[in-house]
Amino acid sequence: MPSRNEVELHNSHKDCWVVIHNKAYNLTEFAKEHPGGSKIIYKFAGKDATNEFSKFHPPDMMDRFLKKEFHLGSTETIQPNSCKTRMEAIPRPPLSSILNTFDFESIAKEVLSPDAWAYYSSGSGDEITLQENHQAFNRIFMKPRVLVNVKKVDTSVELLGTASALPIYITATALGKLGHPEGEVVLTRAAGTRGIIQMIPTLASCSIDEMVAAKLPQQAQWFQLYVNPNRNLTIDIIQKAEKLGVKALVVTIDAPQLGRREKDMRVKFENDAPDVQATESLSRNEGAARAIAHFIDPSLSWDDLKWIKACSNLPLILKGIQCGEDAVLAAQAGIEAIIISNHGGRQLDTSRSAVEVLQEVTQALKHSKLENALEIYIDGGIRRGTDIFKALALGAKAVGLGRPFLYAMSSYGQRGVEHLIVIGLNDRIYCAKSLKLP
Amino acid sequence: MPSRNEVELHNSHKDCWVVIHNKAYNLTEFAKEHPGGSKIIYKFAGKDATNEFSKFHPPDMMDRFLKKEFHLGSTETIQPNSCKTRMEAIPRPPLSSILNTFDFESIAKEVLSPDAWAYYSSGSGDEITLQENHQAFNRIFMKPRVLVNVKKVDTSVELLGTASALPIYITATALGKLGHPEGEVVLTRAAGTRGIIQMIPTLASCSIDEMVAAKLPQQAQWFQLYVNPNRNLTIDIIQKAEKLGVKALVVTIDAPQLGRREKDMRVKFENDAPDVQATESLSRNEGAARAIAHFIDPSLSWDDLKWIKACSNLPLILKGIQCGEDAVLAAQAGIEAIIISNHGGRQLDTSRSAVEVLQEVTQALKHSKLENALEIYIDGGIRRGTDIFKALALGAKAVGLGRPFLYAMSSYGQRGVEHLIVIGLNDRIYCAKSLKLP
Amino acid sequence: MPSRNEVELHNSHKDCWVVIHNKAYNLTEFAKEHPGGSKIIYKFAGKDATNEFSKFHPPDMMDRFLKKEFHLGSTETIQPNSCKTRMEAIPRPPLSSILNTFDFESIAKEVLSPDAWAYYSSGSGDEITLQENHQAFNRIFMKPRVLVNVKKVDTSVELLGTASALPIYITATALGKLGHPEGEVVLTRAAGTRGIIQMIPTLASCSIDEMVAAKLPQQAQWFQLYVNPNRNLTIDIIQKAEKLGVKALVVTIDAPQLGRREKDMRVKFENDAPDVQATESLSRNEGAARAIAHFIDPSLSWDDLKWIKACSNLPLILKGIQCGEDAVLAAQAGIEAIIISNHGGRQLDTSRSAVEVLQEVTQALKHSKLENALEIYIDGGIRRGTDIFKALALGAKAVGLGRPFLYAMSSYGQRGVEHLIVIGLNDRIYCAKSLKLP
Amino acid sequence: MPSRNEVELHNSHKDCWVVIHNKAYNLTEFAKEHPGGSKIIYKFAGKDATNEFSKFHPPDMMDRFLKKEFHLGSTETIQPNSCKTRMEAIPRPPLSSILNTFDFESIAKEVLSPDAWAYYSSGSGDEITLQENHQAFNRIFMKPRVLVNVKKVDTSVELLGTASALPIYITATALGKLGHPEGEVVLTRAAGTRGIIQMIPTLASCSIDEMVAAKLPQQAQWFQLYVNPNRNLTIDIIQKAEKLGVKALVVTIDAPQLGRREKDMRVKFENDAPDVQATESLSRNEGAARAIAHFIDPSLSWDDLKWIKACSNLPLILKGIQCGEDAVLAAQAGIEAIIISNHGGRQLDTSRSAVEVLQEVTQALKHSKLENALEIYIDGGIRRGTDIFKALALGAKAVGLGRPFLYAMSSYGQRGVEHLIVIGLNDRIYCAKSLKLP
């Protein structure tokens, strides 16, 4: 039970204590292997790092990852400042004037700190896939039918047996506290009031316990899984998620090595103000994205799906399918659903847009007589109700949105997210179920 | 017969009297269901609202829609100010320097009030269809023939048996008084002097009686019909139109729910200056477009055409066909003419351009051996004489223009509209009838 | 033999005398039918109009077109001012720094008066065809062969039996004195020194006599013909041209009505400063282009080619073919050569580019077994040596350039035109004749 | 052994002595035929030209090309100033912040002198091919497979039997000292430390001896050859290169006449400040590119390959193949490898991109059953790791980069070049060898 005064004495690279959430830790050893680099830890040697820590990590992070021998025990309790959030400090137009996802994005760009904006908005390479994801929708033209009774429309849908008010879910995105001081629980609450499914992110700033605790009694959640090189750790996580009542397991398979998100890397680099002559710091200045990559196993392959299925009764969703061949493999492997996704244009640049792949996937499955073997979801570039309609018309059962929810959360909090669900997207999808053409 | 002084006493939400065209009305009840929102009515509680009212509605509006019990009778007569119009107040180049429709558009943007410009010019969503309507013409290239005698050319045409000096008609557009203090009668008069057909809009600022009264003896008009949820009301309107001598009935079928015209919504929102915290005002801030939508029946279907045909001897034109299949259905339903239209890009964004659909329609009709079953018109994006020629060459019998006429009317009044018909469009269509190729 | 003092007394609309080239004319009647409008003539009522007249017309214009009764005879001789030309007054980079046709264009835009620039550079409508003419070349990619001996290259060619140093000719363009005080004879001289053919324009600022007089002994010229509604006048012109020794007759067939060149019209309009209220002036404000259109017969047809052929032994070239069908008709009519041309994008906008039509023409002729029946030339958008190569590779025997020569002439005079021929274009066409591939 | 004082007396066009690298030369005769023009030589008449000379030429240039009678012998030795290089004088961001080839390009543009930038960056004509080279890659979309074990990846490859750490080589580019005071040996050293092959340029600023001397013991180099009109000279060069231990001979065949690189020509022109009236200087102001063209034989043809092969045992690589037909001819001629290249967009503008040609070449070889007859390399527009992957996936065995290496060398010297190899390109090519798809 070291005092804060005592902690202050351990303030060097060779002897580095830090206080987080009123507990002291000896990070001398850990600093060297910190995925986000040692520099940021040394900056807080002998100090309270709670504010900075909270921007990236859930409160249970230290319990989960730091060896017990480095836990030094509690110290004097200090309440965090209840200062105004950036969101509140910056003038924003009234929420009712926000008409679409692009409006939220514009405001989020103002409200977010530069590093948060860089992390959320960046794509890999030249961001060709990032742009293409949405542009591909704009190249698909509609063929409206007329004189069809559309007085009553029903937008609800069942996803893997779970009811959803809309064919939309909130897909997993990392580091929610960069955008909102409460983090991903904001999304949980809005998903609950509006009746849609939230995918719980592995790399959330909130812990899975917090996100499950924030949900309404009947509210459904999926759990995203990055498979860890340590398989036992992965099994523990799966079993915990199952116990907490999630409805499906989403295995992310499109990031064996994280993409080069240069916008993110540049901001990280500027913040670190590195030595002009240094070249050896290469592996460190890779932004928020790379810092979290060491938890992902690059050797994951189709065979691994067997033991994942074996250790849980939950339906399995594969996130990151990008061609017809792999969709067929997924169906043959007994997977319950796939998500066509290029990781929001954050992985391999010049990958095809999700909606272009969708058309290949439905044809490949049909050709293999597997069109009913699994459910197809899609994410990437969905910004308009018409985009949703097009995805559904082309064979998707639901669509995931990531950035639009982050931007709505970052600029207006929970009511922003709710507003997005209601007005931004629930506009033109009514046709999907009600069409009975002559 | 309340005095204006008496009216002034009823100036609250709970007791709201208003004077319009020298008559007093009790709008306390009606304010709550006013399609344009209650706010605008409360603003004139106890006052004379004639100026504002006239910008949107024809003089007979109250007689047609307000319950008799709320009519309070005449009050002291006040002549409207004969102030200069915006058009006259703003410096404009001489009409003879206007060379094309784009010139009119540029000037109209200056002359019109911001809300009028927003209402007239806006398209739905990202305005992709709005742009595409015209751009599609620019992608169609001409194949001029040479050494053909073009000394005499004849641009006249018969539309449903009615002669027209040009293969052009003025299509229906709403709220003409936003652009010109006299409203749609300006278009009526110019159509008369130049010998083309005007389609009388349901949602005009002038009443149908005014528009019929403004026409020349032999001048032909069509009557646009939005089918009301109250079918008896619709039958009354049809019979009145027939009695007034219109030559055809145009049923608009592409707006079962009005499109999101965000440019229009934003201007409306700014004018209303809503409470920053309000989210419940969502359904109100939807611009001029949505305010008029409650008169349209979303359940309208092919079956309804039968009773519409049954209650009138007028030829029936369906406005809003957007694919070959529906064109065939229209022909099979005994419809006399169709208008291929996406409502000027104001309904479902990313719908195909009218001229692209035209090619599908002519093929579908031919394939069903119905190519002679009905006449085909087209509107959307026609801005050049070459656009008209292309539409005719691809199978249309005539084309409708909306915004160009509004812009000409708004910037120069009747002589602007006449100028548009003569020089802007009557330029290159001469080939249509005179070609006798070797 | 009226004195200048006497002329000054006839200075009204009703009595309008004018001095041109030291001769007096009574233009009271003619002013009303002057293709360029009466305003410009009234401006010089009672004055010497030589300077303005010379900008547009050759010296023999009055002899050719004004009735003898209005010729009043010679007056006192005044030498024209030998003032500096615009070209000389404006600083220009050294000619040797001019690397391509675009350089000439940039400088010409500075050197030319606004109305000259508007007349030379304008295309019709939205100038889509104007742009497309050149852009179409940029979409055609080359397939270079290697290890071919290109030590000796020969760029000479025979056009209708006449030798040309390059597969290039100077096509006809009107009103050369707008660009250079000496007018088209500048082009004649440069064509002579560099060994290429000049097409003598009907609407030149120099007379045909002047242009023939300016040529070298062996230099070849073609003569452009707009067929006049007065056929006898046309026959006279043809016979005069033949007597003067031109090598071919070029009948322009793509301008039965002149195109709307709005850039030109706007400049004309501004110069005229018309009354703001005037609408009746419509037919007058149509720029330099329309002013010259009354000399062209819109009834010209394939049958007319017979009498044209009958009254001359010269080979006939048809300028303005724009599709395969008409190329076949031309071959069947016994025409010696055709020029695929859309009149430099100045006639029907959204016509296809010349090089796109070229491919259709060669196929159509081949399909009719007429590929050897006539020579094919092409003009429109040729700005690089690679453009010439592409036209030749696709079946043209030579290419015409218009604006580039006007721009070179306007910015540097004769040596500019020569420079253009040598460095701008003679760069990459060497391959045409020397390739002997394995 | 003339003194520097004596040299100063020979300072006119008619008597022009110059000191270079502490030796005096009489350049009176040579000045007239200097490929770079006489002006630059006269500028140094009577003076020491070492600094200017070194920017373009290797030290042994005079020995190789100037007749012995004009060598005047050594003069007083002066050490060159060890002044700061431009690179060091201009503030640059830390190398570790450089994330991709475009970053290097941006900085190089600042660091390089205007004429160096113009020479390195310019393409021919409108630079359409220059742009297309890279843009073509952006139009090729990836099809990522998932759940493939990518824990171990191997990027090494064997090129003509020589091991390379990456499927990348440094292609030949001229005039390296324009970018770095040490010239191409900088590239040699970086290629050595990173294990890739350097192609030694014929037109380097360093001599071949210097570049061979700078390599590591096991380091491999190729030797680029422009075939001289003097065949004996060419044979001497080949035999020297073979003796120096290069691993292959690269015959450049795409520059029988050098392309018009107008950006380069403009800079050259400005530096020369020519007489405004001069037109005869045409052949001189053609930039650095043309100055070096007189050493290249335009008559080179397929037959010549026989004697080239006869005078050396080295494998022969043909650089500049641009169509399938010529690839087949190369294979039939017994060539060991081809490089598909349009000379970096510096030769014939509107040539197709290298990667587009690649697809034609692999098909043509396959069609002739020659797909194993030779190795295929490609250069032009490769700027991203994904570009490399695409080239390999389409059938190339390796890719060459030119400008990116020049830019890295010019902005950061050797460590810049190493950095480029490591982070800029070694990112996403790991998949090439490790994919074992189910």
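Just so it is clear, A, B, C and D label the chains in written order, and each chain counts residues from 1 on its own.
Heads up, the rule we're going with is that a residue touches a chain if its C-beta (ideal position, glycine included) is under 8 Å from a C-beta of that chain, and two chains touch if they have at least 3 such contacts.
Predicted, not measured: the structure shown is a model, and the values here were computed from it.
Along the graph of touching chains, what's the shortest path length in steps from chain A to chain C?
The fewest touching-chain steps linking chain A to chain C number 2.
Rotating chain C so that its CA atoms sit on those of chain D: what angle is that, to a multiple of 5 degrees?
Best-fit rotation on C-alpha atoms: 90 degrees.
Quick one: compare the interface residues of chain A with those of chain B and tell me same or different, with half as the dividing line.
At the contact between chain A and chain B, which are copies of one sequence, the residues are largely different (under half shared).
Whole-Å distance, chain B centre to chain C centre, using C-alpha means?
46
With chain centres taken as the means of their Cα atoms, state the distance from chain B to chain D in Å.
Comparing mean C-alpha positions, chain D is 66 Å from chain B.
Spell out the part of chain B that touches chain A in their complex, as residue ranges.
125-126, 128, 253-254, 256-257, 260, 262, 265-266, 269, 274-279, 281-282, 285, 297-302, 304-305, 318, 320-323, 325-326, 329, 342, 347-352
What does chain C use to touch chain D in their complex?
Chain C residues touching chain D: 93-97, 99-100, 137-138, 140-151, 384, 386, 415, 419, 422-423, 427-428, 430, 437-438.
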